[in-house]
Every structure is written in structure tokens, then in C-alpha cells.
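There are two complexes below, and they share subunit A, which is joined by subunit B in the first and by subunit C in the second.
The block that comes next holds the complex of A and B.
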């Protein structure tokens, strides 16, 4: 019985709704039912939000348990930090809202966002070191990559393009012709992969999608 | 009112043909004629990485990317990691190489946990599966400092990166390279393929990852799906050639392909 509830019914719902969405895209006589389709999409958003709620509750329970059993986990102190941060953000959001000027917004803008941006900015350093390692005349492939990469990099340097303006059209040709051709071929392959996966899910051959 | 939305007829025709081809190959597989998949060279690379880890007496890291399983465009990449993860874990368990899998996928965590646990059981070493270290859930934001710091401390000898990836690709791959790991990276995320190709020792591009997962999992359904997708590719190649020829002859073909 639990198998029916956990697997069969959810997969059946996925199949029906999935086929419905595909049909709606191709068949215009289904357009009067668009409000129904929109309602289904809204329900999926509500369900996803409910999942966030359940996830947050479980996370709080987990960290609460770690604090309670402090001697068994060397990093239980971080759980206190999590619980305090969670309660502060929750109370600020509930009582002041999330609009501009609220405490919630302030904490997000001046604490969370800079932390994320700092981590994101490290990408530049890693790209540079990877570029230094990769852009070498090791073999034919690496040489082609290096030449194309250099042209594209140089084309965005105003100091260089001022003296050698031909770099811009060369880089544009590389981007618009060679890169786009490869990109489109690749995207078509991935799209076919998505069709294959969708069909497997609709036929209940891929139960992993239920998590 | 027309039966089909104007401009989407060709798309629907391709969809029907590809679906029919996949169903045909699935039917054939069920009738005892599974599709034969070619062994990809990257599978030998996995064996080489595991061997390197065993020889150097160091661990192997498996990273399954980011993304979310509720997004249809990200799902194939995430699903394809499962077959590879299972194979790599089994190989590691068999040869006594400690594997560490910090996953950024909250929904997939349970599946990955079970797959790894099962792989250890299949290898006959269930006691070596550490539920707190073999697989560990790290939120995507915390993953960057964790991977850069921990990879430097643990110095893994090998790493395999597959799945759906964001910009962290370059951070993870470069951090693992600096730690001295031999890396194999694959993704179906268009904007991160250059990072995967450039920063890793070996790479898998897009569909190679799906094919590898199908080959390693030995799942006839996955193999049938791949064969059906190949039919789709032949159709697209034929249409592309026809479109080029028609375009050169002055026939306005662009409107046929507009969706």
C-alpha cells in the first residue's frame, strides 16, 4: 500500500501532467484550458514552497538535536549559530517584513549578499590560474584552444583593440560561427536527452526522480 | 482553428519520431535484444584514477554538481551521475580506496546515500561505508569553501566531477588540481563545458555523460533511450543538410524551423 502512495500515484500524476503540458504546447484547441494549466503550475510552486517549509523544520530539528547532544559532535557550536541566525531572520521577516529598509533586508544586503559575492569573486582567480595552466602549445587541440581563447580575450581589451582593431571582427567570427555551431549541436543533443528522460519518467522507468 | 499550433509542426514531428524510436528500442530490449553500447574511453580513465588513488594510498573525491531535481532541464545531468557514482563507489570499495562524496544536491542526497551504501555491500565491504564521511551533504554556498579547504587538507589523488554545474566548476576543478588530484570532469551545462575541458585532465561532454551512465549501470532502458536519441540526431543532421541545400537554392527555409 505504501508503495502505491509513495511511487505509483506520484508517478501517475507526473505522467498525466507531463503529457498534458506537452499537448497544450502543440494543440491550440486546448487553449481554453490554459487557466487550468496555469492553476496546475501555481500548485506546483505551492508544493515546492511547502517542501521548503518541511526541509527547514527538519534542519532546525537536526541542529537542535546536535546542540542537545553537544558532547557527541565536535562542531555543535555551528548549530547554535545556525539556530540564532534562523530565529533572528525569521522574527525580523515576520514583524518587519522583507521590504527595503527592514532589518531582514539589511541583513541580507549587507551580510549575506557580500559573503556570496566574495565567494563568487574567487572564480576570477581560479579562471586565471586555470587559463595559465591550459593555454599552452601542448598539442593541436590545446593550441587551437589557446589561439581562439587569446583572440577572444584580446578583443575585450580596449587598449589592444585600439591599436589592432581587426581583433574585434576575428573574435566575433569565432564566437558567432565556430562557437555557435558547436553550441547548437550540443544543445540539440541535450534536448534529445531531456526527451528521452521525460519519456522514461512518463513510463515509470525512472523512480529516482521522486527523490 | 487549426489542429496544430502554426510553426510547431516540425517540432511535433521530430518529437513523435524520437519518441517512437525510443519506444521501439525499449520494446526490443524487453524482448531480449538490448542495445549494444560502445565502451567509452573515459571508463578506462575512471579505472586509472581509482588505481592512482590506491597506489598513492589517498582518497578519491566524487562531486556531483549542483542544480535541483525539480528542474526538467537539470534533471538529465543529475540522474546521469547516479550510474557513474554507483560504479565508482563499487570500484573504490573493491580496491580499498576511500571515497568522499560531498554532495550539493539536497533531493538527490538520499538516492546517492543508498547507491553508495549498496555499492559497498555489493563489494562485500559494508563496514567500510562511513555514513558521516563517505557521503556528506554540503549546501551549494558552503560547498566552495569546503571543497577548496578540505581538498587542500586531504590531498585526494583523484576526483570525478559529473552532473549539472554552475560557475563552481572552475573553483572545484582548480582546487582539486592544486591539491594534486587527477580529475575527470563532465557536464551537460553549456556554459560550463569550457571550464570542464580546460581545468580537468580528462573530460566528458554532454551526452557522453549520459552514455557513460547507461553503459555503467547496464540498464537496458537507458541504453534503449540513447539509441532512440541517436535516431533523433540522424533526423536533425538530415534536416540540417536539407536546410543548407534549400537555403543555397534560395528557398526561404528559416520559417519552417521557427518555433
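The block that comes next holds the complex of A and C.
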């Protein structure tokens, strides 16, 4: 009985809602049900926003546990930093609001946004380092990867395109022909994969989705 | 033991040395930029033409999904697009699908409004509908019924019925032209699926540089009408709109990519203008800018291995961003869910509110199963809305892209016919590559092999664009957070020395390990 409540009914809800959403789109005679479908989609946006809190709560619990068991984790001190910055931002958001001029917005502008930029920008160094080591004419596959990569990269270097303008049409041909062919095959494959996976979920063949 | 060759030694070079060389080159080029000419790409021209083809007075939807990291490359083209649309008296409806984009949305709108010659009226010329949660499901719901998802109010809580711009705007059909500003390539197909395809919207996109190969197939089929990609797209827009102070040349200031002069001055010193706000604001801005440069320097030490300084900055960043996302999403939950219960006819909103609370039952082992009910509703609706339009936008439309008139073989120049043949056979062969359930041993193995080569070519193109994208990110970080404004440079360089001393002490005393 408990299995019915814990697994079967949730899986049944997924199947019914998923098939319903698809059917509503293709079958005009289901139009009287459209308001109900819209309502469920609207509920989904509200649920999605609520779901953010679970991830955050798990993160806080993890760091809280590290602080609590400080002797077992050499990095527990960093968790204090996490919790302090989390609480400060949370309190500012709750009591000062999220409007322009608030402390919440100040921390976004001068701490969160620059840190976001800096973290992503470090990848430039790693991409350079990886390209330095990996790109070489080892075999046909590696050569195709390298030639396409280099021409596209060169085409966005004004220092080169200013003096060798032929690079631009070559890179455009790669982007418009090779990349279109590759990504079209890729996208169709992914789309078929999404549909296949969805059908497996609808047919209860993929129960892991419930977590 | 054999001696390593020079080549082998060169290839074994420590990544820190490579990073140092890159760092020095970039800093020198940023401080002493040089100017070189550049050609306008067909993508840039097509995007510019698309923006100009929109009839005057049209209602345009503008989805803002930019992030702080992609702002340096996407802000200029975004703001210019807004300016052009407003110069044509278009009405713009803004919203965003990322919580992190909200402050950027305010900033871009303010900047574009400030640049115009005429006064714009909020609610008449534009409206900001704020953040819409739920990713693809949220967007599908939004295009189906804008008032239901926004609870009938804009980001400031004003009733949409009181805003003239929203008089005849109820769903995706009422915004015949649309723009998306996406920081990540995975979100463009969702707008093709949920907006362009079902509602026949003429869609233009503003992307970061690495997105181009991934959206080129949508450009080829006409599902996306034009794209401004990366800093190059921004520079081209500035050149084409004659806003650049160097109309025939482009600076090569930062790396291997390039920025335009107005971009540098507007982005790099954007916060300097805020210093004129008077005492307290001035101090807050100055302290903020010093903090921004310090947190960037702390995080960049990550390049020399995981260390005490980078870990400190990472954990502070994680705490702040976790709280930020939580606050924005819970605000959405409260305003669009909880508050609606008290509205006339809104009693049914008690259902999503209770289901939303049930998600938190996951935190206890005993009640964990209860969270499966709200998640089942989320998953069911998400899978349903995704696959129903995927069939058209990503399978049928892409197959049609392999046939005339999109890809003609006869009656066209030989070069175009060959390119079209490569697209047709290449895409089908690439699709064959994803068949894992059988081994290709017969003649069909050549199809499989060709598909692999085509995919590698496409990934190579993505690599080329990704490198330029990453360097653009780095240039933006350096210019806006570390090098500008010049009067704060001593604080930044002083902090660099302090960090270096701390790291040396940490490594020498064993507090932190050099990995």
C-alpha cells in the first residue's frame, strides 16, 4: 500500500500530466480543458520557485554539519564564511528588500556580480592551456577539430582579419555548413533522446526520476 | 632514461606558466590598445537588418537572460537594439527567466532610456514584467497567458490593466516580434520551441560568442531571423548604427577578440558616473568598487592552485549567490502564490502553495516521499510542454532544412550546391553517429565515420568561438573590476601584493598546499 502512495501515484501523475500537455496541443476537441491545463502550468511556475529553497536548504545543512563536526573536516572554517555571507545576504533581502539602493542590491553589484565574472573568466586560462596541449595534427579526427577551431578563432581576431580578410568567409562557411550539419544531427539526436526518455518516464520504465 | 625533447618539454609546461604569460599579454594589451580595421560579418548585418525591418509602432517582446559574466559582450548590442526599437516608437515588453538577470534588466533599460533624445513613458513605451520562474514550463505558461503567470501585475506591483501598453497584450500572439538575450546556448532552443514555433514570432537573439555554432541551424531554417553574437556582434552593431567613435577601425584592446572604444568607456567606467551622487552614495560606490576588485583578485588566485585565499572568496560568493537566488524565488512564490489566495477567485492558489511547502518534506527521511507529488506535477508538465513542440522545431523543421527551398541542389551555383550536400549528408551522418544500439561494420561504417568527422568539425567551430567568448569574459572582468577607475588602481595593486604575501606565508607554513 505504501508503495502505491510513494511511487505509483506520483508516476501516474507524471504520465497523466505529460500526456495531457501533449494531447491538449494536438487535439482541438480538448479545448474545454485548456483553462485547467493553463492553471496547472501556472502552478508549475510557482512550484519551480519553491523548489529553489530545497537546494539552498540542503547546502546550508551540509555547511552547518561541517561546522558542527569541525574536528572531522579540515575545511570547516570556510563553511562559517559561507553561512555568514548567506545569512547577511538573506537578512538584507528580507528586511531591506531587493530594490535599487538596498544593501541587497549593493552586495549583488559589488560582490556577487564581480565574483561571478571572475570565476567564469578563469576558464579563459584553462581553455588556453588545454588548447596548447591538445590541438595538434595527431590523426584525421584531431586535424579536423583543430583546423575548424583555428579558422573560426582566427576569424574573430581583428588583428588577422584586418590583413587576411579571406579568413572571415572561410569561418563563415565552417559555421554555416559544417557546424549546421553537425548541430542539426546533434539536435535531432537530442530531440529524439528527449522524446524517448519522456516516453520511458510516462510508461514508468524510469522510476529513478522520482529521486 | 631518455632525455625529453624540446617539444615534449614545451608540452609539459606548467599551466601556471601559460596562465602567467596570458595574464601579462592581456594586461599589456588592455593598458596599451592598438587599432585595426575589421570587416562586418553577414551575421551582424542580418541582425541589424532584422532590427530595422520591424515595423514602426510594433509590440516587441524582450526576454532578458543575461548574467554578470556575459554582460561585457552582450550589453552593448542589447542596449543598441532597444534604442533602435524605441526610435521606431516600438512598444517593448520586458521580462527575464533568470533571477540573476533582474538587476541587469533594470540597468540596461535605464541606460537605453538615458541615451534617447525623447522622454519615454513607463507603461506606454515599455513595461517590465519581472522574473518568471520555471524555465521552459514557466515560459510556455507565460506565452499562453501573460496575466495568469504574472498575477496581473508588473515588477513594481502595478496592475497590468492600468498600463496602456498591455491593453491588447495577453499572450505570445500579441508580441509578433521578439528578442532573447541569452547567456547560455541551452536556452535558445526553448524560445524557438515555446515562442517562435507556436506563435509564429519573428525572433532575434543576442548571444555570447560561443553560441553561434549551436544556433546556426536555427538561422539556416529561418526560425531565428538574426543574431548578434558576442563582443563582435556588439562592435558590429555600434559600427552599423554609427555610434562608434572609430567608425572604420576597431580596437584590439583586450586579447585576441577586440572591443570598441565606446564599449570600453561605457562598460569600464559605468560605475564611475555613479560617483556624482553625493557623499554617502559616493563612499558606498568607492568601497564597492574596491571590494569588487579585491574579490576578483582573490578568485583569480585559483589559477595558481586551490588555496586559502581563493577558497575564502569562493565560499563568500557561494553564500551570497545562494541567498540571492533564494530571496528572488521565494519572493516569486509569495507574490504569485501566497498573496493570490486572498484575491477574489484566487482560493485555488492554496493548492500550489501547499504543494510548494510539500517540496520541503524532502529534508526529512520519514516524510521524504511526500515531495514526490509536487515534483511529479513539475516533471509531468515540463516533459509535456517540451516534447510537444520539440517534434516540430527540432526534428521536422530541421529535416525540412535539408530540402529545397532552404537547401537547394539544382539551379544554384556549384559552391552552394556542394555546401548544401555537405549539410544534408553531414546532418544525417551525424544523426547516425548517435545510434549506439548496433555496431557499424559494413559499408555503413563510412557514414558513421563521416558523421564523426562532421561532429568534430562542429565542435572545433564551437571551440574557436568558446575561446573568444572566454577571453571576452576575462577582458570584461579586468576592465570593469580591476583596471577601472584608474584612481582606485593603487588599492587593487596593493591588494595583489598583500595576497601574494599571504599565499607565500600559507604555502611556506603548510597552512595551504600548493597542488
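Simple rule for what comes next: the second predicted complex is superposed on the first by the 173 of 211 C-alpha atoms of A that agree within 3 Å, B and C clash if a C-alpha of one lies under 4 Å from a C-alpha of the other, contacts with A are read in each partner's own complex, and residues count from 1 in each chain.
Quick note on the criterion: a residue touches a chain if its C-beta (ideal position, glycine included) is under 8 Å from a C-beta of that chain, and two chains touch if they have at least 3 such contacts.
Being a predicted model, the structure only gives us computed values, none of them experimental.
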item	value
Contacts of A:29 with subunit B and subunit C, given as first, second, both or neither	first
Comparing the two partners subunit B and subunit C, which touches a greater set of residues in subunit A	C
First (subunit B), second (subunit C), both or neither touched by A:43	second
Subunit B versus subunit C as contact partner of A:133, first or second or both or neither	both
Contacts of A:208 with subunit B and subunit C, given as first, second, both or neither	first
Touching partner for A:17 - first (subunit B), second (subunit C), both, neither	second
Partner chain(s) touched by A:190 [first = subunit B, second = subunit C, both, neither]	both
Residues of subunit A that lie at the interface with subunit B and also at the interface with subunit C	22, 25-26, 48, 116, 119-120, 122-123, 126-127, 129, 131, 133, 145, 183, 186-190, 192-195, 198, 209, 211
Contacting residues of subunit A [partner subunit B, same complex]	22, 25-29, 48, 55, 116, 119-120, 122-123, 126-127, 129-131, 133-134, 145, 183, 186-190, 192-200, 203, 205-206, 208-209, 211
Residues on subunit B engaged by subunit A in the complex (per definition of touch)	1-5, 8, 11-12, 15, 18-19, 22-23, 26, 69-70, 72-73, 75-76, 79, 82, 106-108, 110-111, 141, 144-145, 148, 167, 170-171, 173-175, 177-178, 188, 190, 193, 195, 197-199, 205-207, 210, 221-222, 225-226, 228-229, 232-233, 236
